[in-house]
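Two complexes follow with chain A in common, the first pairing it with chain B and the second with chain C.
After this line comes the complex of A and B, so read on.
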């Protein structure tokens, strides 16, 4: 859905938009700078029945809610494992890097279930499945996330992330859903474990003692100062790179990419060691990790082409009537007449898009800083 | 009241014992290793026109890795159309693509159901993005085309009893095969494209022996200890354009050179697959 939804713009409007966005600097319909996000309102902890929740409302009226629920689940043992071998689900992808700490603390991507619900679309719609796959792929890419859900060798947390878009999809909802998921995960708390070792888990019933899934700014656990990833939507028109495109802007995109990035935990550990308990100064030395990239099929390929005056019979062109094959023959590109883009994107353009997302002090940094400021309650 | 008439099994789930003999343990321990040079793809067999009833079809088989118990990828693709859209559907100035990717229930180690699961839908979306860039869509207004890829055999190691997290990486290999076979089937159906698009995969792998990770093309996950990152690329060689890029993994952002190299290698793999594709299409014409 969504990325290819029908755009109700005429060829003349599309040509105008494309020309405006190709200028240096580009002129966006809503007056934003090329790397500026839409203003947003965010809050967390809105759903008391969940382990963590968040709501984000963009200025254009799109709004999303994410609820995170956790359940204790028994880890299934397969392969007739003897003492000291792994406990895992059969046939599922493992998070890599399981040998890093202590060896036996392994996560499994089956422990996270992410569903996306978009009004007006079936939940088995290919586009919805694509969005859900993109969000969970970024979450599980580094393998460290599933490890957080490990309780002991016999039990683990199963995390259900339910992503709900509660407004109609006025623009491609990927950045909105990703930011909301990020906040909800930051706000997620799991009850404190009281039992020890491999016994049946027993939890502290005091919710105030519950620990965050992503603990914040504690100097003792520097290793765990990681944060969930964010996925940014970025597109190219002509020579310009534009972040967080609205629906009309995406309709004239030459190429659109969804890039997922996360904070580098190893680098964060070194900065936290030098300045303990100072979360305001930490982002200065933030370094990012690239987790996933996907090409979004831009809806511009489905837009109707314009007819140049030379081929328009209303302007005295007679060729179209006399030779029907002339109509189908490829017309030369005429300045100011919209044509849907054909073919793909140059590898260099794609590389430039990714480079722009990852650069130091760029948009990704700005977004992570802005999300830092949200009160997690 | 329990059932006393039948002899029932135990109530709880049990796990059948799996005996591991020395030989298989040894194989699993060494995990084969890559037998090809790092910039060579596996041999592939491509044939068009295998399904007479479809307007275009193709079959792709990729060589096994030479070890017993490892199956190669086998794909079949049919293209139905272009045909006119039903009267009830709204006007479309372009051809409407619908892509379906389905694993056969017996294609993978774990049985798949008959209904498409989310990962298959996801592959279908990737395939659609890759093909839509290649097709000249405005030559068929008001029409639609169905592209159906069935994965008859997945690219999986059946010998190793343990799960090694290969499946998420297998999807990339499957997608690159899907793109190549669908492109051949589109050409067979006579649908105009700007160029033949082919898929290629490159991965950043680390092996036990090597100190630093290396980049290989067309990776087989069971041949490597760990895959750090992989990317699948759909590439149009004569236009030098990428129609689909799917990258997954974990790379430090400070080292963009690694990422650029990975994409370059992916393009290289795709260009190699494209040579096979062009040769196959040339045979059909000649």
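After this line comes the complex of A and C, so read on.
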């Protein structure tokens, strides 16, 4: 599914939408505030056959389900190494018991496999592949995620994330899929390891003892409260920054960005330590870290331009106008006449977009708080 | 793990504790999703299926994307050139989620088994839906398999029927489906073999079985699929049990639809129509 999904809007409608969204404050077709998400319904643990699963329904009816399955896989050796002599980390000289310092745990990006299924689109469709790439890129950006899948020097978990869009794609599904993936990963549990060191892994068969992939500890919020990233869709119209655009809004966007953010656990730990005298709200203030940015090609670039009345023969203004003159008339901007945005985004706008996402108490904060409230079963 | 058939003859109980003529728990919901024209969710035991129906709508815009994957059947007697057909085209696409089975397995879209399932469902529904009322249009049924534990085709047919009811597409009656099997394998020649109703995955692996779908309360068989070798003398018994099971399934589906309808009337989502007079709304 491409972001350049055709929206059947006339140039006049596009111009109206664009004008409404460029006002201060912008007026969105569905009456939301510029930084307001669509309301959503979320649940986790819907599929007992998976390690973790989640389902999110947006108010506009789009729905996604993510299932996570984990398998134990043998870690590939470095080229040329014979079995049993040298492992990937090159740590054969290390003794047992040194593993839990975390220093020699290294992850590999092919320990995670993410697939996206959009009904009606082939799985090798360019748009679907791009969505999958964006989602997995955000996950693997800092390498910390793959590290969690480390079992010992010889084995690791291989995580399969299957992202299913259930409803027809009514709007660009990136935020929906990202939030659902986030929730499914939060709910993911892996069996507790019973074996020690580098022996063949042996797990506790009690599911109640299984550990969360992202442990949630309510007591020490600063130490072990890392969470998977979220990818947000942000767009700009004129000087306005709009979050979670609907299909019609995306159709008039000047710029659209997919911004992936995650909680910065290290920074949060240090700030909380330094300003513990501040107030009780210190742990609530999380610091966000930018993981990746992708520009999304908005469908607005492919929309047909409007014709100003001055150049419109139906209005009889200049009926005798010739073709070349009409082309110049189209090139200059006329108030209230739709013109597809041309050229790249202004650096200032891009910076403002990213700034707005990372803002303290902003949308990303709000979403992470909201997803925190979901019962993980 | 092989199914211990000797244990069955001792207590007449199957591996999951059912008797020969018992269905698993069937739980269904309709109108699960606001954006679709029709939608449903169905569980038979641990088999979980979701269905979303779009249409009847103008075919076209997404034809290129769907035509290559969906098993479409032209409505009525006209097959093939669906755009020119007199009736609506029923296009079914099935997505089997990678996490649906015990071991994670990724099924390619062009998988022959999925294509066969698609065309079976498409044929069965095209015969039951009044497709001739919607010429030059398409009904897209997309099915998502979330969890598999046997009787997959039956679950898919039932879910598709419910979603079509929700979409308000006129149809002659429910197409209710169910599976049936026999306790003895093809090779074993025991005469005392019992027919079994509603096979789970384990039984499906071990025993001969068939999927049967009937049209409403009648005995008219709409779908009959048998993928295993079975002695012909057992077929009649299996079919009888299967058809009987379909009647039970139809009752369950009917109850789900009526329950939802009653709730929608009570909530005032829809007005109580003339046709609803015989429905006791309390």
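By definition in this document, the second predicted complex is superposed on the first by the 313 of 377 C-alpha atoms of A that agree within 3 Å, B and C clash if a C-alpha of one lies under 4 Å from a C-alpha of the other, contacts with A are read in each partner's own complex, and residues count from 1 in each chain.
By definition in this document, a residue touches a chain if its C-beta (ideal position, glycine included) is under 8 Å from a C-beta of that chain, and two chains touch if they have at least 3 such contacts.
A quick note: this is a predicted structure, and the numbers were derived from the prediction, not measured.
Enquirer: For the combined arrangement obtained by superposing on chain A, do chain B and chain C clash, or do they fit?
Expert: fit
Enquirer: Report for A:47: first if it touches chain B alone, second if chain C alone, otherwise both or neither.
Expert: The answer is second: A:47 touches chain C but not chain B.
Enquirer: Is the number of chain A residues in contact higher for chain B or for chain C?
Expert: After superposing on chain A, more of chain A is contacted by B.
Enquirer: Per the contact definition in the header, classify A:67: touching chain B only (first), chain C only (second), both, or neither.
Expert: Second partner only, chain C.
Enquirer: With both complexes overlaid on chain A, does A:130 touch chain B (first), chain C (second), both or neither?
Expert: In the superposed model, A:130 contacts chain B only, not chain C.
Enquirer: Touching A:25, do we find chain B (first), chain C (second), both, or neither?
Expert: In the superposition, A:25 touches no partner, neither chain B nor chain C.
Enquirer: For A:197, decide between first (touching chain B), second (touching chain C), both and neither.
Expert: Touch partners of A:197: none, neither chain B nor chain C.
Enquirer: With the two structures placed on a shared chain A, what shortest C-alpha distance in Å links chain B and chain C?
Expert: 9
Enquirer: Which chain A residues come up in both lists, the one for chain B and the one for chain C?
Expert: The answer is that chain A has no such residue.
Enquirer: Provide the residue numbers of chain A that touch chain B in the complex, in ascending order.
Expert: For this pair, the touching residues of chain A are 77-80, 88-96, 109, 124, 126-127, 129-130, 132-133, 137, 141-143, 257, 261, 264, 287-297, 301-305, 328, 340, 342-347, 350-351, 354-355, 358.
Enquirer: Considering only the defined contacts, which chain A positions touch chain C in the complex?
Expert: Residue list for chain A touching chain C: 6, 46-47, 49-50, 53, 57, 59-63, 65, 67-69, 71, 115, 117, 119-123, 125, 160, 162, 164, 166-168, 170.
Enquirer: Name, in rising order, each residue of chain B that touches chain A in their complex.
Expert: It is residues 15-18, 92-94, 109-110, 116, 118-119, 121-122, 124-126, 128-129, 132-134, 136-139, 161-168, 194-195, 226-228, 231, 234-236, 239-254, 256, 259-260, 263-264, 267 of chain B that touch chain A.
Enquirer: Over in the complex, which chain C residues touch chain A? Could you list them?
Expert: Residue positions touching the partner: 33-36, 46, 48, 50, 52, 54, 61-62, 65-66, 68-69, 93, 95, 97-104, 106, 109, 140, 142, 144, 146-147.
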